[in-house]
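There are two complexes below, and they share chain A, which is joined by chain B in the first and by chain C in the second.
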Partner chain A sequence: MKAEQPRHVGARIQRFEDIRLLSGLARYIDDIRLPNMLHLNFVRADIAHARIVGIDSSALADIGYPTWVFTGEHTAGLSMKAHQDYPEMQYSEQPLLAEGKVRFVGEPVAVVLAEDAYKAEDAAEHVMVEYDSLPVVGTMKQARDASLPPLFDGWTSNVIVQRQMKGGDLEAARTAAAHVIKRTYRTQRQAGVPMECRGVVAHYNPADRLLTVWSSTQMPHLVRTYIAEELNLPESRIRVVAPDVGGGFGIKGQVFGDEVLVAWLAMKTGRPVKWIEDRREHLVASLHARDHEHTLEAYVSADGRLLGLKADITVDNGAYSTFPFTAAGEPGMVGKVLPGPYDLKAYEATFRAVATNKCPIGTYRGVARPSAVFSQERLMDDIALELGMDPFELRLKNIVREFPYKNVLGFTYDEGSYAQSLEQMRGLLAKDIVDATASRASETTRIGVGFACFIEQTAHGTPDFTRRRVPIETGYIAARVEMSPDGEATIDLGLQNHGQGLETTMAQVAADALGILPENIYVRHGDTLTTPYSVGTWGSRGGPLGGGAVHIAATKLADKLRAIAAHLLQVKADQIELANGKASVRGNPGNHIEIRKLARAALRNVDQLPEGMTPGLEAHASLDGPRDGSYSNAVHAAVVEIDVTTGKMKLRRFVVVEDCGTILNPLVVDGQVRGGVVQGIGSAMFEHFIYDAECQPLTTNFADYLMPLAPEIPDIEVHHIETPTPLTPLGAKGLGEGGAIGPAAAIANAVANALGVGVISTPLNTNALWKLSQHIREAV
Partner chain B sequence: MVVKGEPMRPASFEYHRATSLEHALELLSQFGDDGRPIAGGQSLVPMMNFRLARPGHLVDINKLPIAGIEVLGKTLRIGALTRHEAYFGNPLIARHFPAFLDAVHYIGHPTIRRNGSIGGSISHADPTAELPAVAVLHDADIVVRSTAGERRIPATEFFLSAYVTALEPGEMVVAVELPLPPETSTGSFIELGERSGDFATASVGITLEHDGSAVTKAAMVCSGADLFPIRAPEIEDFLAGQPLIDPKAKEAGQLFAESIDPVDDHIASADYRRGLIAQLTQRAITTACTRALGKK
Partner chain C sequence: MTEITLEVNGVTKTLDVEPRRLLADVLRQEFDLSGVHIGCAHGACGCCTVHLDETPRLSCLTFAVQCDGSSIKTVEAMGGPSADHLLQQAFKSEHGLQCGYCTPGFIMTLAPFVDEAIASRRMPENDEIREAMSGNICRCTGYHGIVAAVRKAIGSGLGENA
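Take a look at the complex of A and B:
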C-alpha cells in the first residue's frame, strides 16, 4: 500500500517551522506570562539520603514580601506511580514533595511561591530543612549487597526488578564453541540535555472549571491523563499545551511530579503558577540516562560463527521509577535488543535495575540501545581480535541476510540492508584503514578506524507495550485532516513537534494524498484541546506511524474530494486524479476542476454535492505499530587520531550509512542523523554525570558536565539506503534515535584499533585515552 | 538590561555606572567588601548567577578610558579594559611577545574574547586562565589603584590561590605592565583542555633569550600544576646554556613533572596532569627553540 506517485514525500523541502524557530518568533514555556502569576522555586535536598527532621520557614515572616510555602505534608498522598505489572518488581512511589525521607540530591522537599522569580529564589534560601542523614547506596555493587538496608520500606533488597529472556539451546552452543569470549562493558551515567530546560505553567479558571497546564513536554495527552487521575478531575476539564519545545530527546518524554504539583498549586492558590527549571536543576534532578554494566559471554565457532550469547545486565536506576517507562524499561530493552543484526541461535539475558541514591534515570535518545550496541559491537571487535579475523568479515559472516527474519527471542525483522550497508561502509573506509595501519609506526600519533553495525526496533506500538506491560499501555498515533472552504488544509496531530520537522514532513505526506501544496497545509500539534488523543512523540515512531496516520486520514479526505469531483465532472470517482490543486480526469487533463471549488462545495455550496453526501471535509485516522515494529538499520564509523603523548583525540571522520525505509524528507533525515550523532559523540568522549561516594553530584553545570561543542565535531557524512518496509503505509521506518545509538561503539572501536587495546568503558576523554596509551609511551 | 527568561538568577544587587576612574575608586572605597567592579562580565556574571558571588554593589567600569596597548619606555602597558581579542593583529604583541600571542588563541571563544578584559581575567584568577600565566611568565607588574593611590604588585606575588589575589577591598587593576624583552628573545605557549575553548587542564609557557646557538636565559610558567600559575626556576636554570638545536626538552619536562604535586579531580587525575605537563613542557621548549633558530 504505497502512496501513489509520491511527489512531495521524498522532496528536499526546507522546514517550515524554521522560519519561526530561527527568527525569534517561537514561544517557549518561559514566554508564557499570565496576569497575577506566582513563581515557584523548589527547595531541594542537598543530601542524598536522609530522614527529614523538620522544615522551618519561619524566617520568611520577615522577608518583606508575600510568600507561600508548601511541603510534603500539604501534598501528602499525591505521588508518581510508575510500576510495571511484574511479580518480581518491587513497588515504590515518588511523592510530589518528599515525605519523611529524601533519596537523592535534588529531590524536591518544599516549594516557595512568590510574586516574581527572583523573590521566589531568594525566599527559598530562607527555608531551613533539618536532616538526619542515612548511609547512601551509591554504586551497583552496594545496591546488590543484600546486607545494606533497602531504600524503601517493605523492600527486600535494592534490586528493583530482575528478569530473564532466553531462546535456543545455550548449553549446546557453549559445548560446540571453539572460543568463549567474556567481557564486561560499562557505559557511564549521563544527563540528557535539551537546549531548553523544562518548565510548567498552570492556570485554573473556575468560570468554566478548566485547568490549563502548559508544559515543555513531548507527551501532552499523557500529562493530562496523569493529572486527571492524580487530582481526581475530569479529563475534559484539563487542557495541556506543549508550546514550542526546545528539544526533548526523551527527557521530556515522561510525566513528572512537578507537572502534577504546579497544576495542584494553581488550583490551591487560585492563581496562575509558573516554574521554570534552571540548568543546575535540570542537570541534577530532571532525569539521567545510561549507567549500565553488561557482562557478555560469547560462544564462537572456530571459523567465527556466533553460536550463542549470554548476558548479565545491570542498570543503576537511581532512586525512583519514572512514569510511564519505569525502572524495568531500560534493562529490559538491553535484554531484548542484544541479539542485534546477527543470526544468533542461542541467547540468554539476565537483566536488572538497581536502586541507588541518585537521580532517577529514564528514556534518552536511543534508550538503552547506545549502551547495548556499545557492548555488542565492542564484543564483536574483541571476538575478531581473538580469532584474528577482519571485523567486517566477522560481521558479514554472522549478519542476517534473509527477511523476514525471526530472531532467537521470536521477534521478526522486516526488510533491511544489513549486509549491503556493511559492504558500503567497508568501501568508504578503505583509505582510512591504510592510513591507520601506516600510523602504527608513529611514536606520537595513532590513527584508528572503528565501526558499529546495528538495528533499531522503531514504529513499535500497542502489541509491544502490552507484551512489556508498561504503563504507557498504548501506542497508536492519531491524526485529523480537515480542509477549509478555500481548499487549504489543517492537520491536527497527536504528536508533539520538538525538532523532528513534523510541521513539514506531515504536510508533505498529506499534500501527496490531497493534491495540494505542502505550504498550504497547517500542522497543529501539542495541544490536547485541538489534537486527537495520542501518547506523544518518542520512540522513533512519528515518521512511520504519525506519517501513516496522516496518510490514511488524508486519503479518506481525498476519496471524498474525488467523489465530489466525479459528480461535478460527470465521470467515475476512480478516474479522478488529485494534483497541483486540481482534480482532473485521468487521461484527459483538460477536463478538471480546482480542489478549492470542491472544498467550497463540500462546506458552503453544499447544494452542489452528490445526492445524500454529508457536508464537511474532515477525516480522522489512527495507526498503531506492527507486532514487532519495523527495524531500521545503520552502520556508523569513526576515524580517530590520537596523540598518545597527551591523550588528545581528534575525530578525522564520522560516517553513517543508514536505512530508514522510505525517506519523507532527506534534509530532515540528515538533520536527525547528524543531531543524534553529535549526542553520541558526547556519550563517547565527553558527557559524564559524576557522583562522589556520598552521592553528591560533582558535575552540576556546563563547566563540569561537558557537552560536545562545534569545534569537536567533524563533518558528519550521511549515506542512505532506502529499503521500504511493507509494515507501514508509506514504507517509512523510524529514524529519530538512530543517530545517537552508534557513535559510542564506533568511536570506542576506533580507539581500540588505534591503540591496540581493549576498550571497556566510556567516556573516552583525554584522561582515559592517556591511560589507554600508556603501553605505547612506555615502548618508546 | 532586559533579561528574557529568568532561569538563572543572581541574588539582588545594586548597579552603578562609573563615569571616571576617580568615580569608580570612590564607589569601590565606599562599598569595600560588598562592592565589585564589573568589566566584561564573562566570569562575574556566571559566578553571580550561581550565587557563588553575591556582591551588594556592582561598579560598571566599562565606560572608563583604561583600554589600550602602548609602549611606555621599556615597558608594554596594557590597560585593564583591553579585551582579549585586541591582541590579535597587534604588532607590539606579535613582535615582542610570541608566547603571549600563542596564549590568547586558547582563551574561550570569539564572544568571550570580545568581552573579556585583562583586568577581569587577572582579578578573577582562575587557576588555569591564560592571562595570569602570561603575566607571571613575563614578570609583569599589576598596576593597582584605590582612593589611597597607586601600587604595583609583581605578578609573581599577585596570585595567592585559586580565585584569590593580592587585591584589597576598594582596589582596582588599572593596567598590566610587561618589561619589553631584548630583540633576541622568543617564546611559546602551549596548552591542552578537554575541548577547544575550555579552561586548560594544563598549560606551559616559555620565553628564551639566546645568542643564536644556545639559550642564554629562560623563563617558564605552568598552570595546572598548582592552584595558580607557577614559575619553574629549576627548569629556567636547566635551560640556560642548552643548545637551541637539542635543548634536552624531554628531560626538562620530566624534571619539572617530578617536582610538582598537581590536584586530582573528576576531570583529570594527578598522574595525568603530571604526564601532560611533562609533555607540554617538552613541546613548549622545542617550539621556542625552533622559533629562536628561525629568528637568529
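Take a look at the complex of A and C:
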C-alpha cells in the first residue's frame, strides 16, 4: 500500500449492514415464509437414557386437522457421522431421529408436521413414546467406571477417545525441579445462547431438481456437502442459504441432524418444511460447551523457571460426537494449547472425551481455550504464591520473547507482543494493586486484582486439520471480486456474517486495492448459489483469511485495471496508481482516467482494451491458513470487589491489552473484544448448565440459565498493540474468539487474590463466593 | 376466533384471531413486521419489545386479543427503512449492535428512556442507563456500545456535541 493513498483498512468506518438491522428490514430464518409450507415440531426424549418400546401417534387421527408423523423407522440409516480416524477413537453415529435408544433429554425421537406452527406443537403432544429406562451415565467419574455399560453397542467403555501429546524430557524436568505444584481445575458446562435460536426451512423444486435449504448457520457450504452426501444428491442441485443470522458464537458452526432431516422431509412430503427452534430446545438440545476437568502438575526451578508440565484432561462430551469437529476436538485442543505463551521445554498431556447422557458438546467461542487458559493461568498464580513471587515477575521470567518460536510440541508462534502486553497491563493495574492490598484489613469488603496472559491460535489452515484427521478437512476461505460497467464492485465471499461486520470490513479491504470507496462495494455472503466454496465463519478466520482472500482477488482485478489504464494513458502499468476513483500516473496526477471508464472499457467498450486482453473484470482467490495458524495474544485483567458477608461480587474494572496484528476496523475490533469478554464474564460468574443425577436438565429457561445483563458489567477497557503477522496478506490475525478466552482465568485470579484462597472451579457466582469467603467471616 | 381491531404503526386493521395467539406472532405474520423478534418466548430477554399504547411491552407475553382497540408501535415505525431515529443512528455510530437480533427490542425499550432524559434535560449516569436496559439481553456487544449509544442520543437531544 502506498503512503499517499487514503487507507480504508484501519479506519473506524460505521457498518453498512446496520441500517437493515436497525430498521427491522433484516430477514432472519423465521422470516422465511413459503406458500403451502408445513411446520415441524419435534417429539423429544424426556428421559436421559432408555430403550424406545413403542411410539403411538394414533391419537392424531381425531385431532381434526391434517398431520404427518415421522420416526426413526422412516429415517433409518440417516445419521450424523462425526469421527476422527484415530485408532483410539470409538465410532458412533447420531441417527436423525432416535433408533432403538435415546441417550439424552432433548434427543429428537419423532417429528410432527402440520399446516400451522401452533397446530404442529399441539399435535406433537399427542404422540406417546413408551420408554424402558436404562441407568444413566451422568458424570465424568461414572463415564470412567468400567462397571457401567457403554452407551453404544460395540464400545468397550464410555471413554470415546483418549490420546497423548508430548515433547521434551519430562522426567528430567521432574528431577531438576525444586517445586512440584499439582492442582485439579474444573470449568462448568455451558450453553452458547445466540439470541436467535436455530432454524431450518427447506423446499424442493422438481422443475429444476433444486433443493433449497435456508438455515441459521455459520457454514452453508459444509451443510450443503453433508446433505448431498447423506441424501445421495448431486451437490450442484442443492442451494444452502444462511439468511441474516442472529448470533452464532460457534454454536451454529456445526452441521446438525435437523438440517439434513428438514431437507429430507421437504423432498419426502413435496412441500416446503419449516422448523424454528424454541429457547427450551436450544438450551437443552442444540449444543453445549466447556465441561472440563484438568489435573496439572508443574515442575518449577527454585528461581521460578517452568521446567515441565504434565496434564491430564477430561471433557464430559455428552452423548454424541458432533460434525465436523467431533468429540476429539475439545480435549485435543486443550492438549495442544496448554503450553501457552511460556517457554516450556518438557510437556506431556493425556486427554480424553467421555460419553455421558447429556447434550453433546461442541465448539463455542474460544473452543476449549477458556478452560485451558483458566487452568494454565490459575496454575501460574498458584506457582507464584508457592514460590513467593510476584505473578507478573513469574510470567515475565517464563514468557516467550524470541520469534518465530517453536514450542515444545513443534508449533511455531509468529511475532507477538507477549512481554510488552504484560508490562503494559502491570502499569494499568498499579493503583488497583495498592487498593487491593489496603482492603486486606476489611472484614466486609475485599478487593482483588487478577490477570491472565494467553495466546490464541487463529486462522487454522488445512495442515492443522489434516494432522488432527478431523472431518472439517480444510480451512480456506475464497472470494470472488467483480466490477460492473459502472465501476462499482461486488464481493462474493465464502464467509458468513452473523454480526462480525464483514459487509463493511471486506469492502474496506477491497476498496484499498481497487481505489474506489467501500460504500461502492457490495459484499454478498451466506448463499452457496452465489459464493465460492469455503468453510464458513468460525475459528477466528474472517479477518486474516477472508480479508486476505479479498485482498488477493481485488489486487488481481486492480492489476487488470492498471494494465487498461496504462494502455489508455500511454504509460507503463507500474506507473499507475488507483485511488479516489481514478487511475493516475504517479508523479503526474493530472494525467488520469476514471476507474469507471476503465470498467466500461473492460466490459462494454472492449475495443479500447490492449490488444490480446480478454474482456471481463473479475478475479477469484482462495486463502488457506498458515501451517500452524497465526497467534494472537492478550492479557486480560479483572479488579473485583467482594462483599464477604454476602458473597456478592462486583467487577470494578475489566481491562484488555490485546494484539490481533493489523486492525481492519477499530470499531469492529473493539466490539468483538468487548462482546467476547462479556461472554467470558458469563462463563466466569453466571452461566452454568446443570443436570440432576438422572441427567434431567434443570436450567431450561433464562430464569434458571443466567447470562450477564448490563448492570453487572462494567465498561470494558481495551488497549491495542499491533504486531502485524507476516503470515497473512494484510498482517491481520484472528480476533473473534479471544475476548471470551481470558475472563474466567482473570476473574478467578482476582477472587483468589481478594480472598486469599485457592480457586479451582467456575462459575464464581454468589453461592460459590460465599463459600470461598467463609474463612474471613469465621475470623471476624 | 375473536375479532379485534389493532392500530399498528398507524395502520388500523380488524382481524379474527385465536385467543391464544401471541401479539408477537400476529405482528410478525398478519402485519408482516419482521422487526419483531422472538428470543425466548418467556419474557426474559426483551427481544420482542414493542410499544403498546406508548409503553414498552413484551409481545411474547401478550395475547393479541388483550390488545383489542390498542395502538401498537414497532421498530419499523421508529425511523423508517433508513433507521433515522436519533437512537437508531446512535446505535450505528457507537457500534451498539452486531448481529442485530436483540436490537429492535433494545431500541423499543430505550427510546422512551432517551425521550424522558431529554425532556428532563439531564444526562443519566451509566449505572442508570444500564439499569434501564436490564430487561434486555444482548449476547454480542457486551452492552458497551449500547450504553454509549444511549449517551450519544441523549447528548444530541440535549444539543451537546456528544
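Basically, the second predicted complex is superposed on the first by the 774 of 780 C-alpha atoms of A that agree within 3 Å, B and C clash if a C-alpha of one lies under 4 Å from a C-alpha of the other, contacts with A are read in each partner's own complex, and residues count from 1 in each chain.
Just so it is clear, a residue touches a chain if its C-beta (ideal position, glycine included) is under 8 Å from a C-beta of that chain, and two chains touch if they have at least 3 such contacts.
These figures come from a predicted structure and were not determined experimentally.
In the superposition on chain A, contact of A:Met195 is made with chain C only, not with chain B.
By the touch criterion defined above, A:Asn588 lies against neither chain B nor chain C after alignment on the C-alpha atoms of chain A. After overlaying the two complexes on the shared chain, residue contacts for A:Thr766 are found with chain B alone; chain C is out of touch.
In the overlay built on the shared chain, the residue A:Ile713 is in contact with chain C alone; chain B does not reach it. When the two structures are aligned on the shared chain, A:Tyr118 is found in touch with chain B and with chain C. For chain A, the partner that touches more of its residues is C, with chain B and chain C as the two candidates. By the touch criterion stated above, A:Leu698 is placed in contact with chain B alone, chain C being left untouched.
Of the two partner chains placed by the overlay, neither chain B nor chain C lies in contact with A:Ser133. In the superposed pair of complexes, A:Asn36 makes contact with neither chain B nor chain C.
In the superposed model, A:Thr175 lies in contact with neither chain B nor chain C. Common to the chain B and chain C contact sets on chain A are residues 28, 30-31, 118, 197, 278-279, 701, 703, 708-709, 711.
The residues of chain A lying in touch with chain B in their complex are 28, 30-31, 117-118, 121-122, 197, 276-280, 645-648, 686, 688, 690, 698-699, 701, 703-704, 706, 708-709, 711-712, 765-767, 770-771. Here chain A touches chain C in the complex through residues 14-15, 17-28, 30-31, 33, 118, 193-197, 244-249, 278-279, 498-501, 667-668, 670-671, 674-679, 701-703, 707-711, 713, 715-716, 739, going by the rule given at the top. By the touch rule above, chain C contacts chain A in their complex via residues 18, 20-21, 28-29, 33-42, 44-45, 47, 74-76, 78-83, 88, 91-93, 95, 97-104, 107, 126-127, 129-131, 133-134, 136-147. Against chain A, the residues of chain B that register as touching in their complex are 4-9, 11-12, 50, 192, 194-199, 201, 266-269, 272, 275-276, 279-280.
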